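Down below are the structures I want you to see.
First chain A sits with chain B, and in the next complex the same chain sits with chain C.
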Partner chain A sequence: MGCFPHKHLIDLGEYSADDIMTVLATAQKFKQVNERRIKKVPTLKGFTVVNMFNEPSTRTRSSFEIAEKRLSADALNFGGSSTSTVKGESLADTVRTLCAYKIDLIVVRDAHAGVPYKVAEASGVPVIDAGDGKHQHPTQALLDLYTIWQHKVLAEGVPFEKLHVGIVGDIGHSRVCGSLIPGLKTMGCEVTVVGPPTLMPARPDVLGADHVAYDLDSVLPQLDVVYMLRIQRERLEGAPFPSLREYSLLYGLTRERDALMKPDALVCHPGPINRGVELDSFMADHPARSVVLDQVYAGVLVRMAALYLLLGGQDGFDA
Partner chain B sequence: MALMLRNARLVDPQVKTAAGLVDILIRDGRIVEIGKDLDLPKGIERDLEGKYVVPGLVDIHVHLRDPGFEQKEDIASGTRAAAHGGFTAVCAMPNTDPVIDDAVGVEYVKARAAEVGKCRVIVSGACTKDLQGEVLADIGDMAAHGASALTDDGRGIQSAGMMRRVMEYALPFDMPVMVHAQDDSLVGKGQVNEGVASTRLGLLGWPAEGEELEIARDIALCRLTGCPLHIQHITTARGLDLVRVAKAEGLPVTCEVTPHHLFLTEDDITDAYQTTLKVNPPLRTRADADALVAGVIDGTVDAIVTDHAPHTDHEKDREFELAPFGMIGLETSLGLMLTHLVGPGLLTMERLVELMAVNPRAIVGQERVALEPGSVADLTVIDPEAEWTVLREDFYSKAGNSGFLNASLKGRATDVYVGGYATMENGEVIE
Partner chain C sequence: MPGKEQPSDQTPPSRADVKTVMDGSEIDRSLTRIAHQILEANKGADSIALVGIVTRGDLLARALAERISAIEGEEVPLGKLDISLYRDDFMTHISPEVHSTDIPFDIDGRTIVLVDDVLYTGRTIRAALDALMDIGRPSAVQLAVLIDRGHRELPIRADYVGKNVPSSAQENVRLFLEEIDGTSAVEILRMEPGDRPSAAPTPAAHSSEGGDA
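The block that comes next holds the complex of A and B.
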């Protein structure tokens, strides 16, 4: 087994199907670590990882922190009131300051697109993009692919190439889509994006979407995976739809729509859920369909895998 | 003291120039005589060795940043960059701090230019107070103090009613109204062209229609008011079509294009998120750039300008969405035009001179400069064969935010004369 061929995890579009499968397979191996009584291995002992969160984030940061701790890496959380912009320091200066501490990897979340590239350039160390503006969120896409792989490919024996994934909601403002759509396309899935035209990017085809649909009910019967995006109220500019009520009527995945779905279709959501907006409680908690908590668990696994692979681990991890 | 420029190859579409190599005799700031083997009883002689001599180049869209932003550029450095790029005059934009919206501001720019300038500085004044688009600037007073054009460059005037008022009020003062076409309700915080680039980079889009709507509106207001309208830094194929139709109708409409919108596209902005390529209006599609080149060749485009927009390194070296818009251009404009259009035979030298000297002067109402006796001796000497590389350390500008660093170019200005005095010789600005 050779070395993992990437230094960074920033643009999932640069990862081949083999690369993605390496991450997923490595993540699966880390499952046993997480299911022991003592959930810790010394794999990254002595490595220092900085979680540079320049934008508020609880869930993604917690997930990274748990992944780092279970691998015994020393994790430094850098963000909140200590962020560079608050004190007027430039991003590059902040990164160079961090590097002077002799660190080994930076996990970066930022409100501005492209920042992980600048961090990579200024630091010289491996960088994991934990979400940059409206651009990408590759570890989210990897945990989604892991979840789909587990439930569809492994459990049901349906290969990625036979899966039709519908992504519903705010495609245009979604960094999740920026990574998930290219990732799904790399794995061979068919991808339909669904939502009001005002929430579509200028060119969905550039992301790789095969189809654009405005009517959820007409596409639901075809979908093997229904990926519901969160309506990010804080990111919506200029009221792209009349009300949350109308959004929910047109695009909410509700109990009424359950009957339109394939019997074995999965429901995914990156969290946190706005109950009653994109998902009602029936669908969010649906015992057969909803894999929302599996996604959260997969987040820890793929982040452990990404940290391990980017810090030089071979792809044949044995716990 | 007389100056004799020997062995010049003249290019000037305004006059019938002699073929072959001629001498130009200059005295008291004007051309006295042009001919072969002229006698020079007393004075300075320079042998141009067959280089081109053209009427001095003029860039009517330049941010000298003075007063207020002298860390980016000032009148001394900006006019040196202009001289180094082959220009004998630039038109300074009024979006300084304070904004040039009254006679005091006009007088400041004129005084500083006279004191420290290396080229003529044509002063433009704001259309509206503080560029707010709400109250007329002191247009008449600025005209009386020597302003040559009006513009709220950097912003579009959002209200059609206000734009009409500006154009009507400006009529008696014989100044063009130059517009930065941008409808804020469509553009918002747009960062890059809406379409492939905005989707690929996850950045807010700046749609072509945000520019085209204001161009269409202002052409209608030009028809209504009769005020000369100049569309600044046009970037889209459809925007150019609007100008083409307006011209065919006989309206007093002109337009300009920058080299960066001709020779760069949205595809040049990569995952490196190069902030040097963040400009307003944004780099557009390949099809748009091709249409602009066609407009330059067919005459729809009147002028090449740089929209020279200097910023400090630290202002540009940051998050793309937080970096300011703009790139510098004075020292690369001529080389880019020669390399990409004249060299390959797409554009004649005569047409280049129209685009970079004759038309710009006419648009902002400057005295004609031609290669004939009696004309002011504002001249640019061009070596079409000089091969050079765009290097930061060669810039006279304080700034380095060029989108063309390390480009290999062929052709540049070697000497520049303003009123018969050399401002640049052999590629070096004269102090």
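The block that comes next holds the complex of A and C.
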């Protein structure tokens, strides 16, 4: 294996199956670091990573911060309500200011799609997209792929090519879909998106999924992985949305639907869960099916892997 | 680039550039002697554990553990240590591959015998000591190497040495092992300018890990 062939992690569609497997295999190696008494290695000592979160996020930022700290990188949290944009500074000027601090990598979260590209262009350093608008959220997709790899491919011996993954819920507003669908397709999975027509994008075919369905109960028996999206009330923007109760009845994964599922089907959710809306407590806490907390742990592992690969590949990048 | 000096493990560079300094039976005899020396210095195998540095030291550690248990009639704890996260040349070392560390026993209070193939600058051992201390607190750490080729850059020495092989900095000293290479030997070969000294390539991954042993 030569050096890692990417400088940024913005569009997961640019990553080949080999690249994704490199990230997953590297992530697995970091388990050992996270499960011993001293949960820290000196690998990124002296590197400064900026977590530029222009949109509130607690979980993703915490996960990145833990990954940075366990690799001994220095983390600077930048953003929130104190951002310079409030004072009228342009994004490019903000990024150039950050770069004048001599930083080595920027993790960026923004409410607007495409901002990570701008940040990459203005900064010249590696950029990791931590979620931009409705566009992409590549580390989320990688942690989902890691979880599926661990539970299905490694534990049960089912290859990615034989897995049918259903993504259920608010497909239209989801940036998780923007990275997860291309990632699953690159790995060879069959992908079905399921949701109410009002929460589907106008052209669901551009998502890249194999099938688009509107009736959860008819799809459920075929799925090896049921990926429940969060109903993002803050992002609905007045979409014609039924009541939460009606949504839960039609598209919630509930105890009653357990019998429709394959006996070994997994339940994933990117968190935070609206209990009683997309998942009921029976499913959210299901000891055999729910891998929600495994996903959280996988988040730390794949973010460590991404930081390691993007910063470590630097010198050999042009070679 | 590591691995460049050897395009494929099947076709080594022209034989004129390669000098064999140890053959399979010499390696065997050296390992047997080191096993006895470890037991003599530690008055038996009770408090010791062997930890090999991947990707060749772990195989040597296993070979030593087998000899020790044949002599003493008891199993010695055996582990392997990957130092890629502790290297001091992360910025310039382009291979991003991380191997796995697997130490399935508590190292606290034990005497750890670190095992590596070639002792050169000492930087790998420096990294291995840091990695070991992050896992626990051994009561003592000893070092066993098959080859000591000189050129130390740090105050590090081996407690057990298979063979001292004087070499120049323009040469690469590599260990091939029966388990992965089909035949066991220690070879010296000249490096092209700009090449890094590196371990023999592992056929499976074609990667070079742990250059400056």
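Note that in this section the second predicted complex is superposed on the first by the 311 of 319 C-alpha atoms of A that agree within 3 Å, B and C clash if a C-alpha of one lies under 4 Å from a C-alpha of the other, contacts with A are read in each partner's own complex, and residues count from 1 in each chain.
Just so we're on the same page, a contact is a pair of C-beta atoms (placed from the backbone, for glycine too) under 8 Å apart; a residue touches a chain by one contact, two chains touch by 3 or more.
Keep in mind that what you see is a predicted model, and the values were worked out from it rather than measured.
In the superposed model, A:Val41 lies in contact with chain C only, and not with chain B. Judged by the touch definition given at the top, the superposed model places A:Val206 against chain B, while chain C stays out of reach. In the overlay built on the shared chain, the residue A:Arg175 is in contact with chain B alone; chain C does not reach it.
After overlaying the two complexes on the shared chain, residue contacts for A:Arg303 are found with neither chain B nor chain C. In the superposition on chain A, contact of A:Val33 is made with chain C only, not with chain B. By the document's definition of touching, of the two partners only chain B reaches A:Gly114; chain C does not.
Contacts of A:Ala92 after superposition: chain B is touched, whereas chain C is not reached.
Looking at the shared chain after the overlay, A:Asp11 reaches chain B, while chain C stays out of its contact range. On chain A, the patch touched by chain B and the patch touched by chain C do not overlap at any residue.
Interface residues of chain B, counted against chain A in their complex, comprise 188, 194-196, 198-205, 207, 271-273, 314, 317-322.
On chain A, the positions that touch chain B within their shared complex are 10-11, 90-92, 110, 112-115, 117-118, 121, 132-136, 175, 178, 201-204, 206-207, 237-238.
Residues of chain A that touch chain C in their complex: 1-4, 22, 26, 29-30, 32-33, 36-38, 40-44, 71, 308-309, 312-316, 319. Partner chain A is touched in their complex by these residues of chain C: 1, 82, 85-87, 90-102, 130-131, 134-136, 205-207.
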